[in-house]
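These notes are about the structure you will find just below.
Chain IDs A, B, C and D follow the sequence of writing; residue 1 opens each chain.
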Amino acid sequence: MQQTVPAVRKLRIGCEFNHVAQSPTPAAFLIRPASDTAIVRELWTTDPVMELGRYTDLYGNEIRRVMLPAGESLVSYYGIADVPDAVDEADPSAPALRAEDLPSDVLVYTLPSRYCQSDMLIDDAWRLFGSHERNYELVVAIQDWVWNHLEYRTGSTGSLWTAKDSFDNGYGVCRDFAHLMVSLCRAVTIPARYCYGYLPDMDVPPLPTAMDFHAWVEVYLGDRWWTFDPRHNARRKGHVPIGRGRDATDLAMVTSWGVPWLRRLTVWADEEFDEPWPPVDVSMAARDPFKD
Amino acid sequence: MQQTVPAVRKLRIGCEFNHVAQSPTPAAFLIRPASDTAIVRELWTTDPVMELGRYTDLYGNEIRRVMLPAGESLVSYYGIADVPDAVDEADPSAPALRAEDLPSDVLVYTLPSRYCQSDMLIDDAWRLFGSHERNYELVVAIQDWVWNHLEYRTGSTGSLWTAKDSFDNGYGVCRDFAHLMVSLCRAVTIPARYCYGYLPDMDVPPLPTAMDFHAWVEVYLGDRWWTFDPRHNARRKGHVPIGRGRDATDLAMVTSWGVPWLRRLTVWADEEFDEPWPPVDVSMAARDPFKD
Amino acid sequence: MQQTVPAVRKLRIGCEFNHVAQSPTPAAFLIRPASDTAIVRELWTTDPVMELGRYTDLYGNEIRRVMLPAGESLVSYYGIADVPDAVDEADPSAPALRAEDLPSDVLVYTLPSRYCQSDMLIDDAWRLFGSHERNYELVVAIQDWVWNHLEYRTGSTGSLWTAKDSFDNGYGVCRDFAHLMVSLCRAVTIPARYCYGYLPDMDVPPLPTAMDFHAWVEVYLGDRWWTFDPRHNARRKGHVPIGRGRDATDLAMVTSWGVPWLRRLTVWADEEFDEPWPPVDVSMAARDPFKD
Amino acid sequence: MQQTVPAVRKLRIGCEFNHVAQSPTPAAFLIRPASDTAIVRELWTTDPVMELGRYTDLYGNEIRRVMLPAGESLVSYYGIADVPDAVDEADPSAPALRAEDLPSDVLVYTLPSRYCQSDMLIDDAWRLFGSHERNYELVVAIQDWVWNHLEYRTGSTGSLWTAKDSFDNGYGVCRDFAHLMVSLCRAVTIPARYCYGYLPDMDVPPLPTAMDFHAWVEVYLGDRWWTFDPRHNARRKGHVPIGRGRDATDLAMVTSWGVPWLRRLTVWADEEFDEPWPPVDVSMAARDPFKD
């Protein structure tokens, strides 16, 4: 029962939202890595001081509810996560299960959703992929097709843009790549969910875009979920999932009930950093633990 | 602490699905009353004998998974439910809460979904209802507007028809009345969910349509969910909820992964019936409970 | 991906509680097979008619809440379950995991509970079993030890009798066999839970006791729970689990808040029976499904 | 719908565990305030760096799983919580519900558990309290009785000491006060749960004991849980709950599967402190949010 422990690398991850609101505005943040990512240090902080409520959504994501004050405000999360020092796992032989063999909690990910109208893409999906053997390689083929079909255009799409729009128009951002891939998988009855989180440039040249959150896809094959990244069309190191769900409706980094201006969003995901980070001095007069 | 027990009436409810499938087809049924309805007797039966698996979905609905065999099959549920002998409750003074005051598990019902694109109806909703005081009466006004705006046309709409389609075209079935009302409520940040179940003709003339499942709406005001029925635009006796969720995507009576033919669906919801019902003879040679 | 479908046999299971109460008494029943057992037909009935409420407990068991009326009453459940035509599975090589490798939802089953004071048996457990390799065979050894240590004495123990009492006194009923085995497993940090349900005499001579519910044990080894039956000290066919949890505190067939007299309890679990069972005539004038 | 926002005060809370282990030892910490306490800033840190896993237990408490390394280690949590500037709420008219009126998720708190053998105290409880009207004042009477019956003796009781032991012997620590009060409430069918957390000396003289976690009780009356503190026998300001459950079995600050030495535990809960606390310098070269 000797287990091989995979090598891990430490990653500095986190983000800071700088909002400006006309009046107090309720908001919900989903910015902390999901519970299957090990975190070795973390700090939540706000300026001015705001109460951070907590709840778990339908999909198991941990949400922080906040009342943004009128004027400027900061909500920040700093963490250090342990991530595998390896690209996303793959198993070309993993089969796409028949619906009757899927676990019950996976079934919902075969259904259409707001941005992923798989029900509108069934004919196209079966035409394109219906003859392929139903396994991991089929999902690779779908990812490859999405990557070839869509042109990446920074800032090109808005909050009403759906997978069907991307399919019809041939462009989008990483969110749209993910939505279209999710939709095509579901259209051929393969469970797929939308995922977003942090992604550093580990061992690859940085993308020519400013650091931001990144969106990708998880697909259920064999007995587990597998990570796919249609915007890169490659297995990558360092995907740190924050939220998973049916699509971006449920999984905004920040959902606000009102219209605060997001003046600036800073996101970081780096391998190189000085420790301790954040640079916290936790020494207290009353303690000196290793020297008593 | 004397509690007034509301008068109840017994209702025979249930349904039978008669499918014809080319090959074995997995399906999931949601046909039993929700757990807040008291059931005094119930029978599940299948013909031919099929295994009935069980699970609870994201919203707490209890689903039965079945493998429909090739050829004809029956899946039946018979129940007797206790329902209040009163129309749906109302409280004109119940307020629409501000988002920051909503319970966390209610927030998801302010977001758009596959059939209820509240995000596409925000401008219209605020134009129509933005000046109204935010309370129960506002929801009555939305219901009234939906009932006036939509013409009921039996069988007029298909599985891709959304609330936006109903809004633009002005007609639909009860499902569409519900989807549109849900969408308009969410567009003005009032939590609303889609609900369907059984509805008998208690103390009202029967509708000139064959008995079927019925769809309605629940809206969160004050500290609870309230029942609204935009297809009738009236408070009614006898709503027996089966499933609740974001919209009909998640809440089909039957979801099948394949294309079995639903040859016939029989639904019943009656006050008048002979007991015992179903007529079960449960006497066993080995027992005679009251005479030993 | 060809799957072998195990042979199944149909089992008639169910029970009837005949209570006599001085005054209306609230009670909770846990008598339906757990959701991992496929049920092909089932009937709940009461006499006189009582409302059956429904909820799911901490462990996922489905409970029915009932208000027993003053006087005599019957609560009955009739079902037909599909069970594997094979004895309980075993894997002698399945390892006992280290605590750090246990799934999080299993950890609670390493802790003591009301009837299973594993914390009082740690020294004895390590003395008896500490030198054994930590695997399935260790659990077999614990089961064997319990079976040899305890004498089965019908009706010998009451509701305050614990695993420690059984350990000290050397006798008990099936519940006590289960509690002691659970305690010894937990004492050596192997997750174990109490389980009870139906057990027919399939392919074995009937026990010289009247049919009753039966209690056994599930132990977590490798990546799953395994069934053990310390009262029989043998792998058996036909265990149909109803409830699982920490011990019998949480898992009474019936919990009442008051003192109704259980005049008679009838339990059945048989391979031989006439179908349809229960003998329900579900023909309705309005339907003739295969002949229209 | 004008709501009165209660005055709040900021409290510095947190703790640090200093363990010494012979070999790597798995452990689970429950030290962060429960999700109904608003936290405005928080930091988790470990030394040496350890992965902090996360899961939610049966009762909704958030647990951190850690592998303590061989040798010395620190696990620390620093937070600032907003707490009401008022003593625990009370409502002398709140009734003890009949069992049939209790919410389903509350029923488990009427049952005995490892340390709270309410089933062994039923006769005594009814003798002592059976004639009292069943309301909030009855619970006050139980608390008062416990406070008079038990002598507080620091460090007097060990990990096998139960409510029955406290009842019979007349002494204990705050944990034992809580266990006995919980047991007596359950014995008269009033739902009660064990609770522990942080408690500062707000507006009262400090206790003559070093700061530690504190244990108290929550009792379900009317439609909610109420806080009681039998060790102080008084309503207090500043109870910050961390964990709630059936008893201390499930709710250790730290549960370890092994025998690490807890060299020192430091707990803090103070009104007076310098901000920012912990003194984190989160300025990054790349950002200067309010000046761009």
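The working rule: contacts are C-beta pairs under 8 Å (C-beta built on N, C-alpha and C of every residue); 3 or more make two chains touch, one makes a residue touch a chain.
As the structure is a prediction and not an experimental result, all values here were calculated from the model.
Engineer: Compared with subunit C, which chain's mean CA position is the farthest off?
Structural biologist: Comparing chain centres, A lies farthest from subunit C.
Engineer: Please decide if copies subunit A and subunit B contact each other with the same set of residue positions, more than half shared, or with different positions, and reply same or different.
Structural biologist: same
Engineer: Provide the C-alpha centroid distance between subunit A and subunit D, rounded to the nearest whole angstrom.
Structural biologist: 35
Engineer: So what's the Cα centroid distance for subunit C and subunit D, whole Å?
Structural biologist: 33
Engineer: Return the distance between the CA-based centres of subunit A and subunit C, expressed in whole Å.
Structural biologist: 42
Engineer: Among all residues of subunit A, which ones touch two or more of the remaining chains?
Structural biologist: Within subunit A, the residues that touch at least two other chains are 53, 55.
Engineer: Provide the residue numbers of subunit C that touch subunit B in the complex, in ascending order.
Structural biologist: 10, 16, 18, 35, 38-46, 49-56, 72, 74, 76, 78, 80, 82, 264, 266, 276, 278-282, 286-287, 289-290, 292
Engineer: Please output the residues of subunit D touching subunit C within their complex, sorted ascending.
Structural biologist: That would be residues 24, 26, 28, 53, 55, 57-59, 63, 65, 67, 98-100, 104-105, 107-108, 110-114, 117, 119-120, 159-160, 189, 249-250, 255, 257-258 of subunit D.
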